[in-house]
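Both complexes below contain subunit A, partnered by subunit B and then by subunit C.
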Partner chain A sequence: MDSQATPKTELLNFIPSPSRPPVVITHGFTGWLKKHLFGGFWNTLLTIAVFTLLYLLLKPFLEWSLVKAVWTASSRRECLSISPDGACWAAVIRWSNNLIYGRYPDPLQWRINLGIGIGIIWLLPLALKKIKHKIVIGLMAVVFYPFLASYLFLGGDRGRLHYVIASVALAYLFMLYMNIILIYLGKKQTGQYFESLIERFVPRRADLLGHLTFLLILSVLIAFIFRDFSLQDVSTDVWGGLFLTIIISGFSIVMALPIGILLALGRRSQMPVVRWFSIATIELVRSVPMITVLFMSVTMMPLFFPNTMDLNKLAQVIIAVCIFAGAYMAETVRGGLQAIPKGQFDAAKSIGLGYWYTMAFIILPQALRAMIPNIVTSFISLFKDTTLVSIIGLFDLMLMARNISIDKNWFGLHTEPLVAISVLFFIFCYTMSQYSQRLERHLTKGR
Partner chain B sequence: MILNRESVDRSSEKKGIAKARTAIEITGLNKWFGELHVLKDVSLSVSEKEIIVICGPSGSGKSTFIRCINHLENYQEGTVSIFGEKLESNKKSAVLIRNNVGMLFQNFNLFPHLTILQNCTLGPIWLRKIPESESIKQSMALLDRVGIAALASKYPGQISGGQQQRVAIARSLAMEPRIMLFDEPTSALDPEMIKEVLDVMIDLAESGMTMMCVTHEMQFAHQVADRVIFMADGEIVEIGPPDQVLKNPKWDRTSQFLQHVLSHKS
Partner chain C sequence: MLDSKDRQVSSNRTLKKLIHDSAVRSKVIQVLVVVVTFSIGYYLFSNISQNLRQMELPFGFGFITSTAGFDVSWSLIPYDPSMSYGRVYLVGIVNTLVLSAFIILFSTLLGFVVGIMRLSRNLLVAQFAKWYVEFFRNVPLLIQIVFWFIVVFSTLPAPRQSFGIFDALFLNNRGFYFPSPVFQPGFVWTAIVGALALICFIFLKRSSNRFRKSTGKNMRYYYQLLLALLAVVTVVFIGTGKPLDWTLPSLQGFNFEGGGFIPTAFAAAFVAMTIYRSASIGETVRAGIQSIDTGQLEAATAIGFPPFKTLRFIVIPQAARAILPPLINLWLTIVKESSLAVAIGFPELVSVFMQTSLNQTGRAIEIVLMVMGFYMCASLTISFLLNQYNKRIQMQEG
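Take a look at the complex of A and B:
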């Protein structure tokens, strides 16, 4: 440092030149068209050729599906007599209720709407900016929402414990929205009103205890209000359609990630038993087709349980799909874990973070973030794979659509229902993919 | 724990400077990577508030040595004690290390998904169980001390290497360590940024931190080190005050190395 030569002559004063805004190249829509589609002879020719081809390909489909389509009819015969070359959407419209709710009794379908609606309402606050502790909201939804939803969907007498947990779930939802309103009004949150009272007895974590106290009070209140409230029993045998598809895939999508994370961590664990168990599970499940896993779950799983236990086919299938999806997710997560530089582990250890803290705060957030595209791809394929449950006789969206062709009024009508559910699947999958891209942009903001 | 620490500090002050406490005691450290014998019977005793600079050619085991002190590396033989307590691979030792030893790395190793401030507050909030608001206040003070309080809400990828290394210093200091280990903290930095990091380290040294520093910044060694260690082939070849080791080395190996380093610098 002292080796620098001392200047003999006077130095010039360096002033950086001012920055200019970047040069804009494109000039509006016509400029873009000119540059990309009609720039030069060959380019123009290619553009015209491609558009002509597109027109020729799409025209028959659009004619069939829209121009010549029949929207109202009471049978396939009627459809054919009105427009023999058009799509018979009347069948799909007639069956739309079954496609969505399966064979769930018509007068009770409000329970499904309410249940799904509650789920959406529960997750909406995650999009709000002012809300803190979103992970808690998400975790509560994962843990408690299924009890509330199944209470609605199943009805009947589900036992005292189930009733209590469902009450807590509803109470939490109420508390969540009360808190949101109070936050936006700029007032104290519900639980904070108890803080001063609690601080007299327990000095530590008074904020948390305050919220828990309020939740307890609200739960008791709700459990008391609904004590005579009873719903008619609906067996899972009549569940079906889009509703069933959402139940199976929703459950397995939510469970796949934690199962996958645990298996991936297990596979990298230093404890031999844990590692072998994880490797065995992952490799075994991955080397078997999903359809085999599904059959095994229905035919073999009962062998492992006592005869007296009444196993539910839907539950067996959901467990099977969860494990299957978890094994695949484990490898995706492991890929993300391997991308984390060793220095991150060193740094975490050097400030004293233990294994679980390191994983929870340092490694997994980075690993999962890097793997979002792959994780969402797994979710999307899982959502579509659930159509396989139709083979073991669950009336999901796929089987319902195929049932239309057995209906004596619409006998032999295959194409239209399949096109219709394809569109439905596309809407769901495309939404998921768009959401993942939004999430990625959001999470990588500022880096 | 914080109370404990203050009482210890006061008692050591009462004893006076005459006999400083031993901060780190390393005896007979041996380590192998497979067949490779990387640390050969290394022993060293570091008193409190002492500043030690370790230099040596690459592959001499100096990084491995310093990483053994806070158990980032396991070793097969020997003991490491911190303030008289022997370290083992258990929870109690982990807490002892966490409360006493901080470390800086060549590649900074900041957590890229957290902001500068979150990087600093993570440890205090979750390990020392300090309330969030208090931890933010403390971390902001530390960031101010290393001169980057204005960047607190940025992410590590948005700031320069020198700034990242200073954040790493603040992150370590947030755990209130009494010993700081530095593993080539300026090797990955541009010449212009080395100084800003060294300035913070000199400031730390003057505040009475016990420091062990693997570095090739001989200027820094001259200025602040109490003792300089020269390592080669997994052994401590030479140890002594900077003037002795850097100006009048006893061994040819040391002298060769110093010539290389100094000729490169000028």
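Take a look at the complex of A and C:
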């Protein structure tokens, strides 16, 4: 009876369930604000806290660096008289030539600009779509460009061999651009005009020989034209600033690649002696700080060679940095090699390729391609680490900036140069890291 | 006639074997590597011995017992200029280890905060963390160290105008001063009892964990037992007559006397490297947390796990597996990077040994070997220990 009555009374006394809360607006500006910044008590508190922190940090900095800054003055005293609590960027601007070129003589700085410009021009075709054989262009740049650049930067009499190689480098660059123009015009490349002639004598690889012939002719021509051309000798002691930083890091990263590839291959080799030699080198170098390697290069390396030999401090440092970067690069390359599926090795073996052919044409292209982002990352860290050479007294960007504070006009001015080079390094490194991240996304997308 | 032709063929065959038989070839290459390495080594060695003979500095580690004669600005172990180079080496090692230990501890803590902030749902917090990471990791560490030293810590007020808190902590352009404990002889008892209590605590913790695993319940009287342990230590401490004093730093003339002291160089190196590495550790932590499958979080929510417990028991144990290997590498990097403090004159190993001692004695080879040897030992030890720990963590899977 009773159990039957209960549902009835419930039916009679209708109790509505509590209404649902209103829909949270997640669209529009207020919705966006609510979702991302002010959702809930703690979230709002966090937003306010971070905002206050940012305000406290950024406001004084912006006031100091922009609003109250002095851009033109001739000494620190003048800066202080114009605006006592603003940044004195005038010092950095006055020193900008030194910061970029070091103590390289002013009238000769065109050589640095030209050398760096040639390097950029050489690498530009790598970005063009119609150009093939980009690996060859890159390889030629790696092998020949340093000779041309060092010929320009060092000047003086550098011996006949150096002169010849520098001529070949220049000839190659000319040939490259001639070919590019011809390709875009839709005509035959320079070397191909010799092909029919060469085919009569050497039928195989006539195309390659055609290019080489043209290169040879051009080289001889250039070597002949510039035979009386001489540059004033500039000692590496006066190299400095951003120029030196770029030289050390650029040269080291380029040399680090072959060293790293050899060490990485050695580490995975079947031969125990080679393997242990590689492992020992990699692990020894990686377990010590870079600064100790640099100290070693300046204190211990002179003892390695007969004392009649004239050693160059910059060369010593570059060798040390190369070895150091090479050991790190070896681990990067090893990572790439490990990512290659075993089937690739088996396939190469089954079509009868030997070890070097397998590596050069099957494994390394894939491994290095996948490792480009990591290689860029190691380049960034190497680029940052070159500041360490200032500790052993090379006038790189860092030491040059520190020297502003002992200039009698700007005595005691520490902050502005440091901030300026920090910003410069940040721009360089941030751009490169963004580039490497974009590459990484691009490379993983294709898989 | 026939004989000579035969010989020619067989010599041809051995030549071919050298190039085409992989077993023979690999032996040849290995012998070549050994020969080349040894001949380069011999060349360098003969040069070294000749150079050393000319400089009249025969190779040997005898110099480490001779008197150093220079002062080290900050040392945690007793040192004065009448002590030997061996002692200087030790001072450098202790300073390096202390600096890197501090950096490792604080950068890891800060790095975790940064990593979690980067994953915050709050846009401002996430962006703030992102730009923090981007800024600090893209500016060379050396610039940051010098910046903190020159621009921040060296411009602090002189000792007479130093910032003070409670008349116990002082900060000025020489360094940071703080009260330091002075242990009386009677403190031995407290130390012994304290150590015993610690052992008991570890034992208790383990048995309580075991109890919870087997029964699913918490151990009874667990917290009471912990309190009892603490009480015993306190009673012994008071019973032996409170054998612990504090010395406060106080201004004597132009400088502070008494108390503990950290030079500005230490503080600058510590702050700069902690911030610099917290950025990279933050990235590691973020990647580790992001590597966890979202299904894990959804599952935790579905069975009604509260958010904090989800973090503690679901997220962190799984993320640790992804985070630990790169984190170990970063810690090793920190130990190596602490040598950059040489740039601001902090007396760590490279500074006192590779710079000052090397300049005084001229013994480049011995000193370089000793310094590199230390870093190698440190690296190998840390990576060995942590790899063991890492293995234990990774084993729990499956």
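Here, the second predicted complex is superposed on the first by the 377 of 447 C-alpha atoms of A that agree within 3 Å, B and C clash if a C-alpha of one lies under 4 Å from a C-alpha of the other, contacts with A are read in each partner's own complex, and residues count from 1 in each chain.
Going forward, a contact is a pair of C-beta atoms (placed from the backbone, for glycine too) under 8 Å apart; a residue touches a chain by one contact, two chains touch by 3 or more.
Being a predicted model, the structure only gives us computed values, none of them experimental.
Visitor: Given the touch rule stated above, what does A:Y357 touch, subunit B (first), subunit C (second), both, or neither?
Guide: A:Y357: touches subunit B, not subunit C.
Visitor: Report the partner of subunit A that touches more of its residues: subunit B or subunit C.
Guide: C
Visitor: For A:S287 in the superposed arrangement: first (subunit B), second (subunit C), both or neither?
Guide: In the superposition, A:S287 contacts subunit C only.
Visitor: For A:P365, decide between first (touching subunit B), second (touching subunit C), both and neither.
Guide: It touches subunit B, and subunit C stays clear.
Visitor: Let me test your reading of the model: by the given contact rule, A:T30 touches which partner, first (subunit B), second (subunit C), both or neither?
Guide: In the superposed model, A:T30 contacts neither subunit B nor subunit C.
Visitor: Pick one for A:N13: touches subunit B only (first), subunit C only (second), both, or neither.
Guide: So A:N13 meets neither subunit B nor subunit C here.
Visitor: Based on the superposed arrangement, let me know which partner A:K349 touches: subunit B (first), subunit C (second), both, or neither?
Guide: first
Visitor: Is A:P306 touching the first partner subunit B, the second partner subunit C, both, or neither of them?
Guide: A:P306: touches subunit C, not subunit B.
Visitor: Which residues of subunit B touch subunit A once you look at their complex with the stated criterion?
Guide: Going through subunit B, the ones touching subunit A are 67, 70-72, 94-95, 97-99, 101-103, 105, 107, 109-113, 122-123, 126-127, 154-155, 157-158, 168, 171-172, 174-175, 195, 219, 265-266.
Visitor: Which part of subunit A faces subunit B closely enough to touch in the complex?
Guide: 1-3, 341, 343-344, 346-354, 357, 361-362, 365-366, 369, 446-447
Visitor: Quick one: which bits of subunit A touch subunit C in the complex? Just the residue numbers, please.
Guide: These residues of subunit A touch subunit C: 36-37, 39, 43, 46-47, 50-51, 53-54, 270-274, 277, 284, 286-292, 295-296, 299-300, 302-307, 380, 384-385, 387-388, 390-391, 398, 402, 414-415, 418-419, 421-422, 425-426, 429-430, 433.
Visitor: List the residues on subunit C that touch subunit A in their complex, please.
Guide: 26, 29-30, 33-34, 37, 44, 47-48, 50-52, 54, 120-125, 128, 134-135, 138-144, 146-147, 150-151, 336-337, 339-340, 342-343, 350, 354-355, 358, 364-365, 368, 371-372, 375-376, 379-380
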